[in-house]
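Note that the chains are named A, B, C and D in the order they appear, and that numbering of residues resets to 1 at the start of each chain.
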Amino acid sequence: MTDDDQLDDRLDDGLGGYASLFAPVFGSAAVERALSPHAWVQAMLDVEAALVGALADVGAIPAEHAATVAEHARVAELGADGVRGIAVGSPAAGNPVPPLVRALTAVVPGAAAKSIHRGATSQDITDTATMLLVRRALAPVLADLDALADAVAALAERHRHTVIAGRTLSQQAVPTTFGAKAAGWLHSTLAATARLRELLDRLPAQLGGAAGTLASLHDRGVDGPAVVAAFARRLELAEPVLPWHTLRAPVAEVASTVGVAAGVLGKIAQDVVLLAQTEVGEVSEPAGGGGSSTMPHKQNPIRSITALAAVRRAPGLVSTVLAAMVAEHERPASAWHSEWEPVRDLLRILGGAAERLRVTVAGLRVHPERMRANLDITGGLLLAENVTAALAPALGRLAAHDLVTAACQRAVAQDRPLREVLVAHEQVLAHLTAAEVDAALDPARYRGAGERFLDRALTEHRTHRAQGERR
Amino acid sequence: MTDDDQLDDRLDDGLGGYASLFAPVFGSAAVERALSPHAWVQAMLDVEAALVGALADVGAIPAEHAATVAEHARVAELGADGVRGIAVGSPAAGNPVPPLVRALTAVVPGAAAKSIHRGATSQDITDTATMLLVRRALAPVLADLDALADAVAALAERHRHTVIAGRTLSQQAVPTTFGAKAAGWLHSTLAATARLRELLDRLPAQLGGAAGTLASLHDRGVDGPAVVAAFARRLELAEPVLPWHTLRAPVAEVASTVGVAAGVLGKIAQDVVLLAQTEVGEVSEPAGGGGSSTMPHKQNPIRSITALAAVRRAPGLVSTVLAAMVAEHERPASAWHSEWEPVRDLLRILGGAAERLRVTVAGLRVHPERMRANLDITGGLLLAENVTAALAPALGRLAAHDLVTAACQRAVAQDRPLREVLVAHEQVLAHLTAAEVDAALDPARYRGAGERFLDRALTEHRTHRAQGERR
Amino acid sequence: MTDDDQLDDRLDDGLGGYASLFAPVFGSAAVERALSPHAWVQAMLDVEAALVGALADVGAIPAEHAATVAEHARVAELGADGVRGIAVGSPAAGNPVPPLVRALTAVVPGAAAKSIHRGATSQDITDTATMLLVRRALAPVLADLDALADAVAALAERHRHTVIAGRTLSQQAVPTTFGAKAAGWLHSTLAATARLRELLDRLPAQLGGAAGTLASLHDRGVDGPAVVAAFARRLELAEPVLPWHTLRAPVAEVASTVGVAAGVLGKIAQDVVLLAQTEVGEVSEPAGGGGSSTMPHKQNPIRSITALAAVRRAPGLVSTVLAAMVAEHERPASAWHSEWEPVRDLLRILGGAAERLRVTVAGLRVHPERMRANLDITGGLLLAENVTAALAPALGRLAAHDLVTAACQRAVAQDRPLREVLVAHEQVLAHLTAAEVDAALDPARYRGAGERFLDRALTEHRTHRAQGERR
Amino acid sequence: MTDDDQLDDRLDDGLGGYASLFAPVFGSAAVERALSPHAWVQAMLDVEAALVGALADVGAIPAEHAATVAEHARVAELGADGVRGIAVGSPAAGNPVPPLVRALTAVVPGAAAKSIHRGATSQDITDTATMLLVRRALAPVLADLDALADAVAALAERHRHTVIAGRTLSQQAVPTTFGAKAAGWLHSTLAATARLRELLDRLPAQLGGAAGTLASLHDRGVDGPAVVAAFARRLELAEPVLPWHTLRAPVAEVASTVGVAAGVLGKIAQDVVLLAQTEVGEVSEPAGGGGSSTMPHKQNPIRSITALAAVRRAPGLVSTVLAAMVAEHERPASAWHSEWEPVRDLLRILGGAAERLRVTVAGLRVHPERMRANLDITGGLLLAENVTAALAPALGRLAAHDLVTAACQRAVAQDRPLREVLVAHEQVLAHLTAAEVDAALDPARYRGAGERFLDRALTEHRTHRAQGERR
């Protein structure tokens, strides 16, 4: 454990960095730590250091100042009291930057301290730090999402022939395969991951000064846009066309991209929960977790449940960030401030859901025999569409449909398997042999193009992996 | 400082209990502390103790067990490591109760430990603890709201004759008084406070066991409903008609009542921010806060701004809690979990906004001379409605309207005061003297029933105070 | 069909009054009609007539004017072109009142026309009309909710002994009864209905004039508050303490109360959908609807599904209305306007869900044999808690728990019924006879206090009915 | 007027196609018409025709069938009664496709009718139609946004030297230019437009059959994926990797991209409203609209206000669509249905806001003299930052800051212009001449890099235009 880690522990609360008592239930340790108070302060210090560096890059201040500030712009220098002081000192200005600048200035020796925060406004620091933290928090999330994609791809491959009931509007509809189902999860995970990576490539630095003109630099002989370019370069963020203090699309896109990714994970989690229902029993979560103290038989799919609980919070949080886009004049009187915790919470939520689903899918216990058994619940009715299609060439589509509908109704009314009704039906036997009826009623022979779609998703996965390795 | 307070400091993070680095900007210390991890654990311990007490009340266990558990059900007994252990031990079951029960059982000596958590399910504990915490967190909020109402009432009384422009759709419309404006703030603050108090009276205890039947008690000779009644009585919560594990109106009503109260505060904060604009300048926030390091002239209305920032988050949070009402079967697989942080955050938000507005309004600096000066900006156009009314008896309403409209257009086109145009207008002078024109153009003489409405709100305030004192 | 109905058909679109092509899927004809463009115009006309009436009541204008206006303030007088003209003429002022006033003035003969809209501002008319429409739209909704409560109560009574698996976190937990489940639906329906009725009693009229002072009346010799009182009385709305143009709690409470009621219905709909799953099959929706053209065997619980679809939109709509509470000055520049369609849509949503659930529950086909069969899926594991309790007196609770846990694990591992494992277990047989084991494993004998809670809900229902009859 | 237009008028309601009485206030006629019931039915017919066409393309049916269906798949063939029948016939299946297929089948003569809807499920039709309608509704929106960008660019160019107060947290901060402000609007409008165009390029067709396997085609000798490709090609939509019935990122991205674009417009609208306040008076909306019947002097910025009202609804609607991503199994039981009206409403909202802002900005009346006059309100305090910077080289930054702060406080306390205090200050005069003080206090000389940023935005605009012309 490094000094920084130890400090981290002292800075963070008794919960080991988690943002609330409940955070361990649905958050991820990696993301919680990446967004702790400590991490926010460090990010803001990194931004202040980059600003001094950028000023040096354009020759406005001595290079030594930049080196000195960089050396001291570490949360460990401020200590736990320093972080607390920043938090407690924030209300007067309405943001943590003024006390942060004071704290940093106090620990930077000599003339270098005078170069700190030059030309910047508080929002330059918080906005840029937010972008850094989005990147830092998304790093473990993307790793989890890549691993999730790998696990889902393996699942799809393994179950390309595993027949399962396709379910629509809560009812069994026609057969599909568990592999095809997983292929859907795979495709949407890949798409969400790709969007998050595109987002990372676009995250802009923010530097505009009091009202977006950088006047205190630019009108004192320092080329403002050149400083912005150097600043963005040092932080490996995108160089903005102009300051975006009240043009909040970059933040709204973080929120909505995370929100969409959360929704993608929510669909997977919801499927697992429904497939794991006692009465369905087609999958179980990997062991470890989900036990009940009073009901020893229960194995709750607790990771999927808590992943889904996390995901459910995304829409409300996204709506708050979208509403904050209506940011008046050159700095809004409340919209900006209202983004801070919601953006943090969106990242926490996505992190928790990604980690849980990675573990869930990697260890998912699949029960093909239950899938097969459940396909028989309707006594063959599930294949009615296929029987209709088998009869259509001979009878015409409408007549075939009517015949099969009547047969299904008879089967239901008399509580008999559809096969029994069909092979006793003169018109059916006029056109199909019993073996042909059996074939039409075999779910394994009515899987359509599912495997073709599955292979397209697997190809997409391989392409993403190849691109990922090149990154 | 008591032992408990010291423990509290150790349990809470370097931020003194605030839930995030940003919490001091828009939260309130009292509410943050009331909802800290420590406070959550204590509330759950209080609930476990009440359950043991209720079992004793109905004679199911010895009274000494209840006393022993009550004595040890204190977060100080568990220590910081205990709280951390509860948080970290939560993911397996998906909630903090199983590790809490283990921790409590470990510190309760003798046979009493066996009576802990009997008949309960985890949700009984978290739901009831949530209700306790709603009450505990609302206590300082209600004190702030009462003080805010007092301050607003004093403001209304003081400015019952202070004329100000009534503004509609961003434009000056007709005069009103600052007192009448404050009376509106007062009425809505009183109504929101009353709703919150009604809410407190309805907060129900939760006790149903694994599936809401209390079978493990009731089918073993302990009268379930009697235990529920004793349990609610001990906690001074309402006795529920039946378990509400998946009937979430009580939680949704907490959220929506808090959300509406937040909106009421948001309106006041928004008015202060707009009145404090440099170009309007009719009010200033009390000193202390709002200064800018680089712009010494700025006095940002920072408390109102950050109160409004808090309020802006309420709608999204309420929407999450409302969505969680669709809670399936006897315990939902994610809806329940998704409520925890949003309910906490709603209370935090309301607390921060109430505290800031109390301070703001109590110390608000009102500038009647600016209000009066701003009324002259339109050169009398603001009173056009009144001139129309003065002319209507003679000319008829439509003709009067057309005449005044034309006069206004001329005044605007020629950049002259409306008075000048009117007293040069033959038709006007045929019916009104110059003094009558002046009277019609005097904003102080066109205040309508504002004072009557103001007095109604002040009466309402006195009634609320009288009721409050009786509580 | 009256003339008005025929006009209604011409005014409304080819969809028979539904607000969109999709409205028939999830809306209710009664509520759609109550909120059609025609209905909005009529409500605004009613408000204008009440205002003229109120002016007459206080003696400000001749009583004949009021009678004349009342006679002509009917949408049938304006005709379809009139309604279209109001809609198309709205953008200039940003609301439909100015063209409505023009249209009404054009059809009112003689001097009475001069008394129209006197003292009022557009928002007085739209806000008051909104309150009228809330009441009118809620009338059929409350009738549906009352009928739903009756149907649920009958269901609860009929199934007070019907055993069903209690399900928590998607897994069977312990038994309960379908009656107890329905009792929960009943209690929350009654509570939501009661809140809606309380809301109706509080709906306030709005009358304040340009800036809430009623100056154009009050400063011209007409007692403003007296007009407000007469106006409210005529419309049977609550008399407001003061104008609430920018104090939007009344609208926010409409939205949130409707939102909570929608959530209550959503829980019932969700339960029906899950119980109707092919693999669960414990209930079916009444016939009529839900068939699939290509899959003749499917009986989708389509009313519950579309009720739930309606409910899902409530949280987002409520959040919009809550956000609109931040209404600046004396009339907000956008917040007010943003409420109109969301409030309408909330009522539409609730109406659709209430109607569908009334039909669903009244005709719900319950399958007790499937409920019983599903209870056997776990081979008795569901009663593990009860076996533990049966053994606890002899072994102690912890030892009993460990023994039963081990037995359950063996049963699962060996795929044997729990009974078989238990009756082969020496320690068990040392304390329990085989009959006692069977008793402990009988779900019908482990229903706890469910029936007690059920009776409490039925009592509550009878009380509500009795009160309803007195209304 | 064509026959279709006449039919359109009959199909649409008395409101000329607007979806509610209030739609003309904040919607756009073009978008309302593009999303009318008529338009939805036509889009679904287009999709059915494309499906038959695709089947012909792969040789599954005769080409003549495709031609025949295409010829008759026109809403004019169904008539107003047909559209009403589709709406009214929707509840049984829970969507309008089954009655639509019946209606289409009835008007298609001969054998071609048998090829209709083959292989498809209802959701294939509604999802694909939704994508068509997104494209159709966005066409006029994008034209408005392009025109808005042109108008904003012209505004920026025209006002590149027009000095205005930069305002932060509601207070004047430092000067900027109106051109720089407009450049910000321009950049974000361009970015939002680009994202919408990227979205259009990705809109996928949907075709999967009952459970996403296209089994009824693929297992009867018709290559499923080949049909999908042909189908997408005919509709000029993207070919999906696999069916996305329950992988809703495409719909969620429509919603969130529209939501972000709405936020971009909301910022512009909000700025206009605030700049148009009576006390600020720096811009006025173009004439036509905004007048008040009772207050002839008022010129409400009504287009911006109603644009903003539209925008305010976006966050709640986006949240509903995001929540619908948790779409279980192969077709969700409510999530899918809950998207329909919200997606429609999002497009309506964006259309209304874009149209209003285009008109507003194109005709915006800018008042540079009021901008200049408002800059003097603070008596020079606004340039305090610049005076500090002018003194810093001589005094050091901290000492300069303290000196200027004290001077500002004196100016405020004594109600004197800052210039007067400064030129009477010995320490100031020791380092700066009076002319240098004047220069430091001249807002026009403290515009920083605003013009550089402005030129970057104009360059971006030219690039977008050039790309647009190539499209």
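Keep in mind that, in the parts below, contacts are C-beta pairs under 8 Å (C-beta built on N, C-alpha and C of every residue); 3 or more make two chains touch, one makes a residue touch a chain.
These figures come from a predicted structure and were not determined experimentally.
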item	value
Identified repeat of the B-D interface (over half of residue pairs identical), from A-C, B-C or C-D	A-C
Contact-richer chain pair [A-B vs A-C]	A-B
Interchain centroid distance [CA atoms averaged], subunit A/subunit D, Å	25
Rounded Å distance between subunit A and subunit C, as computed from the means of their C-alpha atoms	33
Residues of subunit C engaged with two or more neighbouring chains	94, 121, 167-170, 173-174, 210, 216, 269, 273-274, 292-295, 300-302, 305, 308, 311-312, 315-316, 318-320, 323, 333, 385
Parts of subunit D lying in touch with subunit B, wherever the complex brings them together	165, 167-174, 273-274, 276-281, 292-302, 305, 315-316, 319, 323, 374, 377-378, 381-382, 384-385, 388, 401, 404-405, 408-409, 412
Subunit B-touching residues of subunit C, taken from the complex the two chains share	94, 114, 121, 166-170, 173-176, 180-181, 183-184, 187-188, 191-192, 209-220, 223-225, 241-244, 246-249, 252-253, 256-257, 259-260, 262-264, 266-267, 269-271, 274, 308, 311-312, 314-316, 318-320, 322-323, 325-333, 385-386, 389, 396-398, 445-450, 452-454, 456-457, 460
Contact footprint of subunit A on subunit B as seen in their complex	10-16, 18-26, 37, 40-41, 80-81, 83-84, 86-88, 90-96, 98, 101, 121, 210, 216, 269, 273, 288-295, 300-302, 304-306, 308-313, 315-320, 323-324, 333-338, 340-342, 344-345
